[in-house]
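Two complexes follow with chain A in common, the first pairing it with chain B and the second with chain C.
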Partner chain A sequence: MFVVPMARLAWLSVTTPETGLANYRDVLTDGVSLTVIWRTLRMMLVVTAVCLLFAYPYAYVMTVVPPRTRAVLTTIVLLPFWTSLMARTFAWVVLLQKGGPVNDALAALGLGDVRLAGSATGVTIAMAQVMLPFMVLPLYSSMRDVDRALVPAALSLGARPAVAFLRVYLPLTLPGVAAGTTLVAVLSLGFYVTPALLGSPKESMIAQLIAVKVQDVLDFGAGGALSLTLLVVALALLGLVARFVRPGAALGMSDEGDRR
Partner chain B sequence: MPDHSPGAGVRVRDLTKRFGSAARPAVDAVSLDVRPGEFMTFLGPSGSGKTTTLNMIAGLEGVTGGEIRIGDRDVAALPAHRRDLGVVFQQYALFPHMTAAQNVAFPLRRRKLPKAEIAERVARTLDLVRLGDHADRLPRKLSGGQQQRVALARAIVFDPRVLLMDEPLGALDKKLREQLQIEIARLHRELGVTVIFVTHDQEEALALSDRIAVFNEGRIEQVGTASDLYERPATRFVAAFLGDSNAFEGTLSGGRLAGDGLDLRAPATDLPDGSRAALIVRPERLRLSGAPGSGDNAVSADVTDIVYQGAFRKVLIRFGNGGAGCVREAIGALSDIAPGDRVTVHWSPDHAVLVPA
Partner chain C sequence: MSRVSWPLRAVTALVAVWLVVPTLIVIPLSFTDRASFAFPPKGWSLRYYERFFTDSGWLIALFNSAQLALIVTVVATALGSAASFALVRSRFRGAGALNGLLMAPIVVPTIIVAIAVYATFLRWGLVGTAAGFVLAHTVLATPYVIVTVTSALRTFDRRLERAAASLGATPWATLRHVTLPLILPGVASGAVFAFVTSFDEVVVSLFIQSPELQTLPVRMFSGVTNEVDPTIAAASTVVVAITTALILLPQLLRRNTDHA
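After this line comes the complex of A and B, so read on.
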């Protein structure tokens, strides 16, 4: 299912318009492709970091509240899953556009006229919201497995709260951090809809570039080369994470998280 | 032996803890003095406030009101990590990503001791709990008993002046529990540290403690040595919670306790005339005789059952007024009775205690 089109794409990338690695040379030399790849990687890092920043405390709160509150918090996280990506992105367009409520609120606070829709900032906000469940659920499932007595134990042994967190709690939740960041990072690399609708054409991501090559210019060779480059980057990321976390932990954890 | 500071006293005054909007405080104005080097046990049913009191002393639970002093320091405002107390938790609470040695080194590293001294102290303390050859194992590779000994080593390695233990043996089976009781008693003796030990197991409390504080519904019912509590219970609750007891209720008047068809001689008491009281006699203090009859220190009863229990047997009886009781007879001093017999139970006045009903 997945292998055949991939193989076809790979084949096209080295045969169209003529046999050879010309398409890959173009990726590295045409200036545009590399810039877009860098921009995509940067966006990936920022989105992943923002997600982690919001998801870590959120997931922690989920582990300490009573079951009823936890059910509400879980629903809030999962809600985006049940609405279409398009609908959500358009909702963000409405919220963030010039003259929209967020813009007005910022202006009222004296922060002036901030450009959100049609900018990288807007894309980051919307993407982070879309990706949040993929970060929260693995984090929650690894936090749930941490014995609640460990942090008090660390405190009683003379660890300041910050030290207890860094030496005991954080290391024990790292598998969840690894799983969540990998999922979010890999997903944001190939994100198309949100940057296309909310971003500026001048700041396109790699998925948009591929779409342009394939749909508008009908340059299947270049599109294929870019796609494979994207795949290689994604695989390299997974490989990097696998070096630090035992294989399967990421998937196993996220599975458990989904069941709750 | 490590050169330890001897234990510190713990002084608690009117300590109170109220959770949220609960009608009854979890801990209700508890006052208590634990002497330096003493082994004090908090004994009580679950929900009686003993663990909450321990956690407040440890600084792991906020205080609603009252005062806590450890040694000559008022610690009520001190956060847990600055109280310098060893705490052993019910489920061990070992750090699963650290080896036994790293767990034990944790409190020393927080105190920024030199590396060589940390290594030396960790090795010595692991030897003390007989785990010297398991230093590099992760907790999940250790048995329950071994994990608890690591937890114990981790709580004493920094020479705390007070060691707090919250049902530390609750998760272990009976045999292992008895072994570790001996171990804990030995450590207490060798280190001279003050120990506050929480348990709901009365046998454990009787075996280990210098003194026991019996908790019930957020209050301390009585503090005393094991034999104080057993021989001279101050309340009905203590009499019922520690071992079996026979109770006869009545109204006090002129040195006699009358009621329910009985008229017994009351032991010396501070209770005023006219107050309701109960006369408590322990099962092994009762004597059986075949002939029916009642008197100053005697009540007639029917034998309902006889339970053989090895070194002794338990004779279950029903008193004339309908109350149930029991008599414990050592094997070798058995009376000649059978279920259904009408008997008289009697006791020496020295062995009866009067408590408020």
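After this line comes the complex of A and C, so read on.
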């Protein structure tokens, strides 16, 4: 039930309107498709970087606070998993609207009038919110295993704090960084709802382009070719990271049972 | 939190607010008395709940979603549990590949699944039908059941089954009275995941919907794109309430049985 539609899509991408690889040639030569692909990749990098930047300290704090605070922080991270994507996206529409709360807060901080709704900034803020848990959880699970005596040891041996962090702590958490980064990158490539509702049509992502091709002009050939291109990029990213970490470990799942 | 420096605390607080606010903001907004998304609301009323629960469009969408999610929960839980048994308990050629295939709908960007399903359903005449929705949502929900049931089976002590068998229990009795009760938490959380997945699904549903058969998230999506109507806030609140109740339910039940 999953294979048949995927196979059909792949088939359509090389047979509609005529047999051959014309659709793929179009993807790679057509200015619009290329622009959209680059924009999607850029967005992916920005969202991933933003997530990493904010999730890293958050995950670290999770490892050093008392259990009760940690439970609260964990619940907060898991909250987006429970709440409906539509409800959240709608909430961002409200929050980021012109004259909305976020605008007011920024103005109060003296940052002036930033246009958030219908802009890439708005989409980034909303997408990062959806993606943050996928970054925090793997980071937390690798930080939890780091021996807490190591950094004080480095400091007592005369390392400056920055050096102790870069040479001792960061390398030990790299598996978590790799896992979180890939998860966020792959997932953010295919985002449809958030950019469709918060972004401007002039700055559409690849998922929107696919939707427009299929929904408006029923061009399954072009849509299929774009889809498969997207899929190849996503799988390549996944393959890259599978060489470093096990996907199960990335999600913080334990494989204890396997060792019985 | 004494050892956590103030910049770290500030970042942690910011991330926490970032994660939580979008979930909570729809609740006050749903009680507004104006026909606008202005936040915070100037006055309060229940009129948008009244509209949500009296307007046939919203109500039918809610019923469709609930009904669909219930059917999908039953089908996906049965299929996913059976598949988990096969994957964990027997060694057969291609088990790894089959597992990967069953997990694929989680990894493949939803937009691709959406247009692949759409292309196939157009041909099979399933667009806009209840059967089509059940089929599509089951494909998306089953992987989550497999993840939870598989991990429950992995940590299950098989000596218990052998003990039951040696005491003269038939395989069926062993399954019913020993295995199923012990993996029930895994099956139950898989079922909750399946329900939420279907209840919240929007991308695939957008493609296979018809004006006669819409789900709640689809109705919300078109609401956000076409109109300024706080009924969406009421709908979001209802959705958040339902999913939260569902996720908290098993935990509350478990706590009660512990006390008993």
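The definition used in the following text is that the second predicted complex is superposed on the first by the 236 of 260 C-alpha atoms of A that agree within 3 Å, B and C clash if a C-alpha of one lies under 4 Å from a C-alpha of the other, contacts with A are read in each partner's own complex, and residues count from 1 in each chain.
We adopt the following convention: contacts are C-beta pairs under 8 Å (C-beta built on N, C-alpha and C of every residue); 3 or more make two chains touch, one makes a residue touch a chain.
Quantities reported herein were computed from a predicted structural model and do not represent experimental measurements.
S.K.: Classify the contacts of A:149 with the two partner chains as first (chain B alone), second (chain C alone), both, or neither.
M.R.: Only chain B is touched by A:149; chain C is not.
S.K.: Please indicate which partner A:215 is in contact with in the superposed arrangement: first for chain B, second for chain C, both, or neither.
M.R.: Second partner only.
S.K.: If you count the residues of chain A that each partner touches, which comes out higher, chain B or chain C?
M.R.: Touching more of chain A: C.
S.K.: Applying the touch criterion given at the start, work out whether A:35 contacts chain B, chain C, both or neither, answering first, second, both or neither.
M.R.: Once the two structures are laid over each other on A, A:35 reaches no partner at all.
S.K.: For A:158, decide between first (touching chain B), second (touching chain C), both and neither.
M.R.: First partner only, chain B.
S.K.: Could you list which residues of chain A make contact with chain B in one structure and with chain C in the other?
M.R.: Correct list for chain A: none, the interfaces share no residue.
S.K.: What part of chain C is in contact with chain A in the complex they form?
M.R.: Spelled out, the residues of chain C in touch with chain A are 1, 3-4, 8-9, 11-12, 14-16, 18-23, 25-26, 29, 37-40, 101, 104-105, 107-120, 123, 135, 138-139, 151, 153-156, 196, 199-200, 202-203, 207, 217, 220-221, 224-225, 232-233, 236-237, 239-240, 243-244, 247.
S.K.: Name, in rising order, each residue of chain A that touches chain C in their complex.
M.R.: 1-6, 8-9, 12, 54-55, 57-58, 60-61, 64-66, 69, 73, 76-77, 79-80, 82-95, 97, 99-101, 126, 128-129, 132-133, 186, 189-190, 192-193, 196-197, 207, 210-211, 214-215, 220, 223-224, 227, 230-231, 234, 238, 253, 255-258
S.K.: Which of the residues in chain A end up touching chain B in this complex?
M.R.: 147, 149-150, 152-161, 163-164, 167-168, 171-172
S.K.: In the complex formed with chain A, which residues of chain B make contact?
M.R.: 58-60, 79-87, 89-91, 93, 95-97, 106-107, 110-111, 154-155, 158
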